[in-house]
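Below are two complexes that have chain A in common, paired first with chain B and then with chain C.
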Partner chain A sequence: MNRFLLPFGIFLVLLGFLFVGLKLNPREVPSPLIGKPVPEFTLPQLHEPAQAFSPQSMRGRVWLLNVWASWCVSCRDEHPLLVEFARSNPVAIIGLNYKDKPDDARAWLAQLGNPYALSVSDRDGRVGIDFGVYGVPETFVIDKQGIIRHKQIGAVTADALREKILPLIRELEQG
Partner chain B sequence: MIPEVGQLALILALLLAVVQGTLPLIGAQRGIGAWMELSRPLAAGQFLFVAIAFLCLAWSFLANDFSVLNVASNSNSQLPAHYRVAATWGSHEGSMLLWVLMLSLWMQAVSIFSQSLPREMLARVLSVMGMVSVGFLLFLLLTSNPFERLAPPAADGNDLNPLLQDPGMVVHPPMLYMGYVGFSVAFAFAIAALLGGRLDATWARWSRPWTTAAWCFLTLGILIGSWWAYNELGWGGWWFWDPVENASFMPWLVGTALVHSLAVTEKRGAFKRWTVLLAICAFSLSLLGTFLVRSGVLTSVHAFATDPERGLFILVFLAVVIGGALMLFALRAPQVGGGGRFETVSRESFLLANNVLLIVAAGSVLLGTLYPLVLDALSGGQTKISVGPPYFEAVFVPLMSPMVFLMGVGPVARWKQATLPELWTLLRWAFAVSLVVAVLVPLAAGGGSWGLRLGLFLALWILAATMVSVRERIRNFRGAVRERLAMQPRAWWGMILAHLGVAVFIAGVTVVGTYETERDVRMAIGDTVEMGGHVFRFDGTTEATGPNYRAARGTVTVLRDGREVLTLHPEKRTYNASGMAMTEAAISTGVLGDLYVSLGEPIDASTWSVRVYHKPLVTWIWAGCVLMAFGGLLALSDRRYRLRSSQRQREAVATSPA
Partner chain C sequence: MRALAAALLTILAVLAGPAAANVAAPTAQDPVAARRSVDLARKLRCLVCQNQSIAESNADLAVDLRRQIDEQIAAGRTDAEIVAFMTDRYGDFVLYRPPLKATTVLLWAGPALLLLLAVLVLRRALRQQAKTPAPAPLTEEERALAARLLREQAAPGSDRTQ
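Up next, the complex of A and B:
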């Protein structure tokens, strides 16, 4: 065995991985939650901390869960789109205010507008873990049976809204 | 019309490259003189046509010809002229054309400066470069045509990505590509030597200046990229271990190893097979970097438009070029002798140890860069992870620390045989002084991490050990110190400067990493924040308009001891054509540190979130890189390269087996 073949061998292995890698899309992160029931939780509401919210109360309706925080820069980018969406659509957006100070969060909404039917405070991020949140913002589309049907990672864009989220909502509303 | 001329020129260049990649090589193998002689005129013709194509594209950009798809997607009538020129290489297609231009430029340079080379060698070198050129020209013409027309023409263009509208971005790609592509010369020399079965000190002497030149360009290219990120990304970082940065860093690490290994091969005839493998690897990593950036297999902040078809093309090209080169190496390497012998303690073994550490470091960067892809591929697309700075820092520092320590020992050690007691006698004071200062400084500054002590020690160690090596070097010369110093060749001075550059670099990285301060504050008009002995007062923002953007222009006044010393104007720009928002940091640069202010987001009409940084010695990072590159240039200007007598060449040729 010629030891000088070793670099060639290493290169072949590398080439194999690159070839397979070419067919994979690094931006497409699958969520194991798609098709699963929305995780159960009970959290205080942001504007009325005395009242709790739980996803069960949304049964029979199509709704969006948007994970946001006042410290999150991309949330500012998607916020006008959400405000516009809330104005023109009957579908409720529930905000999951993630690892945020309620005062900051309320001030942020007061300034930029509040597209949420209501927001809940996930101050320590425990519920975020159940949802597999690893970057804020994230948006989940949930159907009438409480099943997660779609997950948008990162800011909602006009394209994603028009081409993916809105058609899906229309389809789910009919089902 | 002009774009069609460019297209035609590219096709002609391809035809010439095909001939160049075949006939001279066959001529060299079979001893057909006329075929070998073809290589130089063909290289000249190729350079001419590629240059015409490039100028045609640049003209299309300057003239705002929006009937060319590339121009319409990457330029705009409002874009200032100098950025329109830079936009020529701002797109994928344009940057590949720049790559080919650089390749033909290097080919032309080899053809001019290497006329004293034996005919077979020159023919083989240019032929190998011609083959590489065929690959890239085909890639351009088949998958990334820069001259593709748009019918009907666009009324106006989409504008150049605002991130790229920065002076740093104008020079960064050409410098980086000069470096990347420059390693193709070392590669071609290595392949030519393997083909000719002649791997000796002469071969190393021929490759050395080319490798050093490519290394200088790559150093400068990476430096400008880092400086650009610092200025343009608005959060004060200078290196992010991003896949695209890693893609340029890996060839640099291997290139650094190659520069040193070539020195040993030339001077001592040792490490032949190792050097040739390094030459192949350095260029292979340049190609791999291109693949990673251009195929989109990895995510990156650089987020270029990606296309799997292009990826497949480059992958096949990689397989042919790198696979072929490594196969040739495997076949020919056993026939090459090992070369000069040396003892365990000698300059050779220190350089070998450094080489191995640099290669392991490059390997670990490669591993970290590709690991997400490998895991993804193994799990069938189910596992997505990213590898971030913590991995790279955890791996890199332990590998580089012994390397940097050996940098101090190597130049002092004798070739062939040195002894440890002798080295200890020479270096003990340098060692003691650096150690004591590295312990005392953090004490005086009121504490610091082990990283700080290590960094300071290494920087001081290089400085002190380099001074020792200067003293040892001139010991045996006569005359005043100044005369003795002036007698030394520039190549030696180049090494000293480059090594000192590493010391400056380490000092900068260490100090900025330890003592930088950062505040992210909400500021209304008149609010102040204190940092690093300075008081920053926010004086509000005004509307400003640039040639192709609107901006909120902030005014931040810096006070020291109650006196106004400086006014900074950070901007938040919105570009007209793309609507993209950009943060333009205001930076006051100083030898001892930078003050860096950038605007975050508006909170209300008069209140902004403002980011303020104090970055002590950050400029040293880039100054260190400049010193390294300057050291390389100084070595290149050594008289042995300028006055390389053809007689000595002929002697060298005569003594080495054909």
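Up next, the complex of A and C:
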């Protein structure tokens, strides 16, 4: 009896590891940017290309940076949520229009609604690389000091919004 | 003859295909820089298709990152600086050879620990086996009993040769 106990114990431990592994998503790579200042950039605005935007202008405010593109399928999934979010307007969403044609992007927003305070065009994806973007859509929560506090990889879901993003925004607004 | 040539061509095409597809063409022109670029790209994981390096992948992001590598090589950055550029943005996960630090100790030491554990278990098992005494030689009575049993089994209608 005793000699089965050890292998059985090892088996249980292995089972535990595998079970936890089932629930992990290998596509969600933790960002090293959490807790770091938002990367500096200056990019033309999507709707007014003559005007530039830089994250410095958001100092003192909590804001979201949402990476999107008209070619991105999951962006369509999360879009209604963002539109709804913008309607109740807890904080501004800045759109980073990633590797997109401005005409396509503007048409996409005209068709589906524009939840963004403004969007900027990152045509060659360089700013995206600075943000460690690898799977559009991605959403960053940035605090008043310009520190990245959270990164949502993939589409924002109602659950993620309710359980993580909105409480975090409320907490950051206090600070 | 023509069929043979066609077969040879097919074989060549099959052989050449994967070799050419293995690494996407480097964009740098200078051969030394191109070599460095490919070597660096091989060390970095593509986050879109996670089991390929950015040298192998043709995902958009991999192409962009290869371009970054080429530009930074052209700008005179060292390999270490370029790798740091990548890990600052994408984390240690992009490295196929992760650095040794507190969070990765288990990753590096794990196989050695498992091997050590296996050796210890094996040693214990061997010692235990050595300790169990060899069976005592049979007594006269046991020998007689065994002989009788064997005879009985062979006896009825025996067609076996003794």
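The rule is short, and it goes like this: the second predicted complex is superposed on the first by the 146 of 175 C-alpha atoms of A that agree within 3 Å, B and C clash if a C-alpha of one lies under 4 Å from a C-alpha of the other, contacts with A are read in each partner's own complex, and residues count from 1 in each chain.
Please note the rule applied: contacts are C-beta pairs under 8 Å (C-beta built on N, C-alpha and C of every residue); 3 or more make two chains touch, one makes a residue touch a chain.
Everything numeric in this text was worked out from a predicted model, so none of it was measured.
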Inquiry  = A:K23 in the overlay: touching chain B, chain C, both, or neither? Say first, second, both or neither.
reply    = first
Ask   = Looking at the overlay, does A:F8 come into contact with chain B only (first), chain C only (second), both, or neither?
value = first
Message = Contact-wise, after the overlay, does A:R87 reach chain B, chain C, both or neither (first, second, both, neither)?
response = neither
Ask   = Quick one: chain B or chain C, who's touching more of chain A?
value = B
Message = Tell me the contact category for A:F131 with respect to chain B and chain C: first, second, both or neither.
response = second
Request  = Name the contact category of A:Q111: first (chain B only), second (chain C only), both, or neither.
outcome  = first
Key: Common interface residues of chain A - those touching chain B in one complex and chain C in the other   = 26-27, 29-30
Message = Please output the residues of chain C touching chain A within their complex, sorted ascending.
response = 47-48, 50, 60-61, 64-65, 68, 87-93
Contact set on chain A toward chain C in their complex = 26-27, 29-33, 99, 124-126, 129-132, 134-135
Query = Within the complex, which stretch of chain B touches chain A?
reply = 273, 277, 280-281, 284, 291, 295-299, 308, 311-312, 315, 318-319, 322-323, 326-327, 329-330, 333-334, 370, 372-374, 376-377, 381-382, 384, 601, 603-604
Remark   = Given the complex, residues on chain A that touch chain B span 2, 4-5, 7-8, 11-12, 14-15, 17-24, 26-30, 73, 76, 111
